[in-house]
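By written order: A, B, C, D and E. Residues from 1 in each chain.
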Amino acid sequence: MRLPTLRSLLLATALAAAPSAHAADKPASLGLGVFTFLSGPAAAYGLPGKQGAELIIEQINAEGGIGGVPVAATFVDEAQGAEGVISEYRRLAESDSVEAMIAALSSGNCLALSPLATQLQMPTIAWNCDTHQLFLKDASSYYFRPNGNTVAEFVAYVVYFLEQHPDVQRVAIINPDYAFGHDAASIVKAALAALKPDVEIVAELFPKLGAATYQTEISRLSASRPDVIFSNLWGGDLENFVRQATPRGLFRQSTVVLALGETVLQSTDLPEGTIVGVLGDGWWRSPDAQRIGKAEAFAEAYEEKYGSYPVFPTMKMANSILVLKAAYEKAIEANGGEWPSQEQVAEALKGLTVETMTGDVTLREDNDGVVDQVIGTVGSEGDLPSIADMARFDGAALLPPAGEDPIAWIETLTPAFLEGQPKPGSYQ
Amino acid sequence: MSSQATSAAPLLQASGLEISFGGVKAADGVNLTVHEGEFVAIIGPNGSGKTTFLNICTGYLKPSRGQVFLAGRDITQLPPRSIARQGIARAFQIPQLFTDHSLIDNLMLSIAARHGIWQALSPLDRPEYRAEAMEILELLGLAAHADTLTGTLPEGLRKLADITLAFALDPRLLVLDEPTSGVSSIERFQIMETLMKAMRSRKLSALFVEHDMDVVERYADRVVVWNAGHVMAEGRPAEVMQDPRVLESVVGVA
Amino acid sequence: MLQTVAPLLMDALANAALIFFVAFGLTLTFSVLRILNVAHGSFYSIGAYVAASAGLFIVGAGLNPWLTYPSLILSAAAVAALFGPLVEKTLVRWTYGRGEAVQILMTFGLFLILEDLQRMVFGVNSLYEDTPMALLGITEIGGVVYLNYQILLIALAALTLVGLRIFIRHTRTGRLLHVVVADREVSEAMGIDTGRMFTLAFTLGVFLAALGGALATPTTGVAPGLGAETMVLAFAVAAIGGLGQVEGAALAAVIVAAARVLAIYFAPELDAVAPYLVMLVVLLVRPYGLFGKAAVRRI
Amino acid sequence: MPKPLIGLAAGVALLAALPLAVPFMTFVVTLAVAKGFAALGVALLLRAGLISLGHAMYFAIGAYTTAFLMQKTGITDFAILVAASIIVATLAGLAFGAFLVRYRAIFFAMLNLAVSMVIYALCSKLYGVTGGTDGLRVGVPTVFAWVPEKAAFDTFLLYATLGLMLVLGWLGHRYLKSPLGHALAAVHTNEVRLEYLGVSAWSTLLTAYGISAGLAGLGGALSAMAIGHVLPEFAFWTESGHLVLTAVLGGVGGVAGPFIGSIFLELVHVVAVGVAAEAWNLIIGVALICVIFFLPRGLFGLIEGRRGKTGGTDL
Amino acid sequence: MLKVENLDVEIAGVDVLRRVSFTLTAGAVTVLVGRNGAGKTTTLRAIMGLLPWKGGRVEVDGTELGGLPGNARAGIGLGYAPEDRRLIPDLSVEENILVPGLARKMPAPELKQRLDEVYDLLPQLGTLRARPAGGVSGGQGKIVALGRALMIADKVLMLDEPFQGLAPALALDYARTLQRCHEQKRDIAILVTESTPKLLDAIASDTLLLERGEIVRAEP
């Protein structure tokens, strides 16, 4: 049982956290509020994130912390709903026990927190929410997303499977019934319409988020005989779907694209040929990760500590904290070695480019991160989770310019767009 | 028209009422009239449809055929609340009280209902309601129990309390369903005596179902004998009680 | 024709079988105890957790995989034996004869407690154990592959319905239960140990919920939050059938399942709302459910 | 000054002063009182013996009305937003109530649940209107000609909420003591007699239902402004369960009960999050069962003592 | 046969019975009279264990009832017909009568024999046996309730207000039936609460007058 750890952490944080009223004073520790799903079906995705935060903070502290200050995290469960998340955010911010936040996992919570970050002048890093709505509505000077955006992510998937299966005619979509699922479906449909107009969408299903059984959906998908099934199901839902669909032959019948498939590589037997990938570049075994040379050690330490290898939410979380670390270091330097104020940290985050464990990330002018997309197919390689036939898509090429309507931007693409894109297997 | 022709106008008039439950006719062409100021008793064997008749007159049931008039106005299809507002108040075989309220609150609610319930911001407990309620309680000898929760009153008193609620509506016709059943023989006449006095003082008409022949003989102006969903005999108590059919089916031969 | 209808029918029945047990338990508890047990869904998820854990143990210990079958039933029985009498005697018994508000709140409190207890005991990660499903293989119907386990579930649900009907109508205990349902006090005066009957009925309800959960594990994962989801679905099914109506629950399970299947096939947007829309429509037309009767008040 | 009034004054003064000492309590207290309005609505119906397992829908309707008006019509005035939310929620309450209040007991509870689940589904489906599962953002309202900063508005919102609590609490108190309020309790104990007194149980209940929906809508509007975001979860059935729980915990015997319950719960929450975040539901569940066992009149009953026997609804 | 000693019962904090004592003997009919609210029904319900006692003891043939659960009364031979009949409406008349036998787990032959005995005593039931109990009239229902009580009344038969709500003719009929029971079952004690004692004059052996929860007069 992991819960006592959480409790002791909370207590430790409460005791250790010192007020940072005078930004110039170096605090005893750098308090960090970390928001993720710790319970409910979404915890299957949120918990690896939390563990990633624990491990990377442990490693940062072992190397002397950030600017000589150890980091102490307070974890908040997003499963309590927006209202609870917001009151926790405010409580942490206004109680002066934290200086920065890593929040949040769910898009709804990110949308709710971003104006709050500005209001409370709290540098906040969205570690996972990918919704393209986030920075469309209003700009926030304290809210940053150094990772994926749904547009880049799902356009990349469409490009990948079109290149791998050029004669695709029938496509089915099964996504969770909430904004993330619907957004992804509209992006996929728009991209298909632009890149391969003769493709027919034969089924479009949106099972309830957290649904336990997908049997009817599987029958329906099976009956509509699609060439490709696209899905951005995730967490417990994805695991459920894979385990129910595999014995019923769905993976033999069609090519299945699981946008968040990397997270279940270790827990389920995904049939070979299934297209999987990570949202962003957070694949710890990618060539770039190996080139940078930190991810593998991190993964081994992670396996040692938690009994399984990291999944991409783990890497996203760790990378987010590394981005924050870089921002603090930049701000300290800019501040002449003095501990920075929260305003200075936010300033440092603007336009920052950081080399994370898996690649480069650049925060562009609207605070959205430009990140490459790594996609491949399920491979077989010993005991380690593996992805073959990889392609790495340039994040900047797949992202609509800041402030532009993403769907309208996708509609401007043409089949010729495919030619300039990396091919499956090109990333080695 | 009954043998006892009265000069008073008919207050309640039921004509040709029919209703059946699962094939059994509980009312089969019933005609019955109550005149202004009259006390009419209904007697009859169990299950002959007496309570059903009261239920039709007060709107709880709708007859499949026939009509009920109150002072010439057709009330057949009206719900109980409209009929109550037209001037028929009812007391029940099983007392129907607001058991979580004190007796006086019960009565004040009844009085408030008469004045119009749509008062959301002025209190129920106001002097004029309280005075009127106490007056009724004193009339029926319940003043000592004014502050008792009606749920905790003993059965006999609850019966009486139920009647006071009907009283407080200041009706033209009071309908009573077995006012003395469940009341011990020791108290029966006492209660009826109080009741009759109160009714006379308010010039009420009454229609009541009763099993106790002594009570009927003493207090009813007219008796209607019920049998298997129709009126078998009707008239002055002393006459009706001599009818051999009535003797056999209702009163019983010792 | 058959090609297209067969999968629809098969999906509807398989779906119905999954919700049948838990809805049936809810309605049974209500019919005897007159209590709407809000914690009923928790017993479903606890049954699922215990069954999945037991299955994982059997597989992990290298025992005969067919042992997972009896373990499904035994898990449900164990949950019922532990929680049924305990909860009935300590909490539920206290609410008899009090208002619905107390009953609903008491069981809502229990629901909150059980949700956290499950999280503490079983953790927050999903549990999967699909050995029983894997043992049975697959069948193709109308061009769609189905699991034989799904077909087994349909048969089990039908068998349970018939079995419980016989129990209620034709056994001594069943008849006495009927009397207890109609009039508690008279039952007591006639010599029926009503306390025992209540415990029995409640435990049977818990068993059915836990069994529903246990039988679902071979095809679905168990994760926190399952109880709350199942609860509303069971509510809807029980209400559509008429609270306390055993056959009603069975028919309602099929109707709700069919509505969801039709939604998924023809109007996916309506999938999540389907059970509630059916419930609203049914209750508007028949306020007390398909098989329910209004209580007529004698005055 | 009678004793209960002194207690009331002390309680409100404490609530007003608390945020001065602990700044983040501004939000906690505002939210607690806002939810108290919704719980009061639920408590009104509980007096009539009706338990609504769907009242969170009116809370959500109020919240969405505020969010929608701000985002789609540009209306930002606090008073207009609050009034509009109350009106929309009340109208919705009257529309659904017209058929819901025909039912009693479990059936009432379940039908409310069903309607609220449909509303919940609509909130997450109607992207154009509700923003889907991402919900809608609520900006900082204006107050007449004043365009406040968020922090200043939060302070204003707290005192406005407390003021509304006093005004509506007083009106609610008058309502419960009035003939119409007593008729509500009378529906619970004897509907047949009420009808035979010439009072329509349906209209009595519908009035109460409309009021309770309006109160929930007000709570939703205030919460939306405090939180700054509205989500479909506001309408989920467990939220409705929590509203009932809040009402019962506080006590439905008087107007103060639901507010006491709500403030108590929020405070326990603040403490529990630091000490035993993972056992939050468990703590509330145990507290609820203890209240049912030992304090049938709720926390309010504890304060109230044994005063006022009649008309008080024990659960 | 049945001995009540100093029975005290309290309902919602109010003393309803105060030191009630009396004895029932086999073959005798005891009538308990009194005003409403005097405690007649309460006495029967307390003996049947449907209400808790505050003090006192009740013995049946030397068996103390105090420690036994309510449902054990029927098992030791107390038959009880409540005032409002309380039949199970959707069971047939015969099924209703059989209920106490089933509860006592009587073997089939004994059930049959006792049922025949009840039909002998109450021939009115013969024609009703297959009718649903919900469909019989009030007067008939009283007879069914009597039959149901007789099914297990090996020692004591207790009838609460049997004439209540019966039209006079039916009441007379019921009184005659009761007399027949009394004559044929001399080995059981009968206790009747009644507000119209004249109907029972013919068979009453003892009359107890209950006032405000106390027995104020007992006359043989």
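Structural remarks
One rule holds in what follows: a residue touches a chain if its C-beta (ideal position, glycine included) is under 8 Å from a C-beta of that chain, and two chains touch if they have at least 3 such contacts.
The structure presented is a predicted model; accordingly, all values stated were derived computationally and were not measured.
Counted as hops between touching chains, the shortest connection from chain D to chain E is 2. The greater number of contacting C-beta pairs, out of the two interfaces C-E and B-D, is seen for B-D.
Farthest chain from chain C (centres taken as the mean of C-alpha atoms): B.
The most distant chain from chain D, with centres taken as the mean of CA atoms, is E. Here the CA centre of chain B is 49 Å from the CA centre of chain C. Taking each chain's centre as the average of its CA atoms, chain A and chain C sit 37 Å apart. Centres computed as Cα averages put chain A at a distance of 76 Å from chain E. Counting partners per residue, chain C has 119-120, 269, 272, 299 as the residues that reach two or more other chains.
Shared interface positions of chain B, i.e. residues touching 2 or more other chains, are given as 92-93, 96. Shared interface positions of chain D, i.e. residues touching 2 or more other chains, are given as 192, 278, 280. Against chain E, in their complex, chain B makes its touches with residues 22, 43-47, 93, 152, 154-157, 159, 178, 181-187, 211, 213, 248-254. Those residues of chain C that touch chain A in the shared complex are 4, 7, 10-11, 14-15, 18, 119-120, 123-126, 128, 130, 133-134, 138, 142-147, 150, 216, 219-221, 223-226, 229, 260-261, 264-265, 268-269, 271-272.
Within the complex, the chain A residues that touch chain D are 3, 6-7, 10, 14, 38-39, 77, 80-83, 86-88, 90-91, 93-95, 107-108, 111-112, 115-116, 119, 131, 133, 137, 177-179, 182, 209.
Looking at the complex, you find that chain A touches chain C at residues 1-3, 38-41, 43-44, 47, 79, 177, 204-208, 210, 212-213, 215-217, 219-220, 222-223, 236, 239-240, 243-244, 247-249, 267. The touching residues of chain D, counted against chain B in their complex, run 171, 174-175, 177-183, 185-186, 188-190, 192-200, 204, 207, 309-313.
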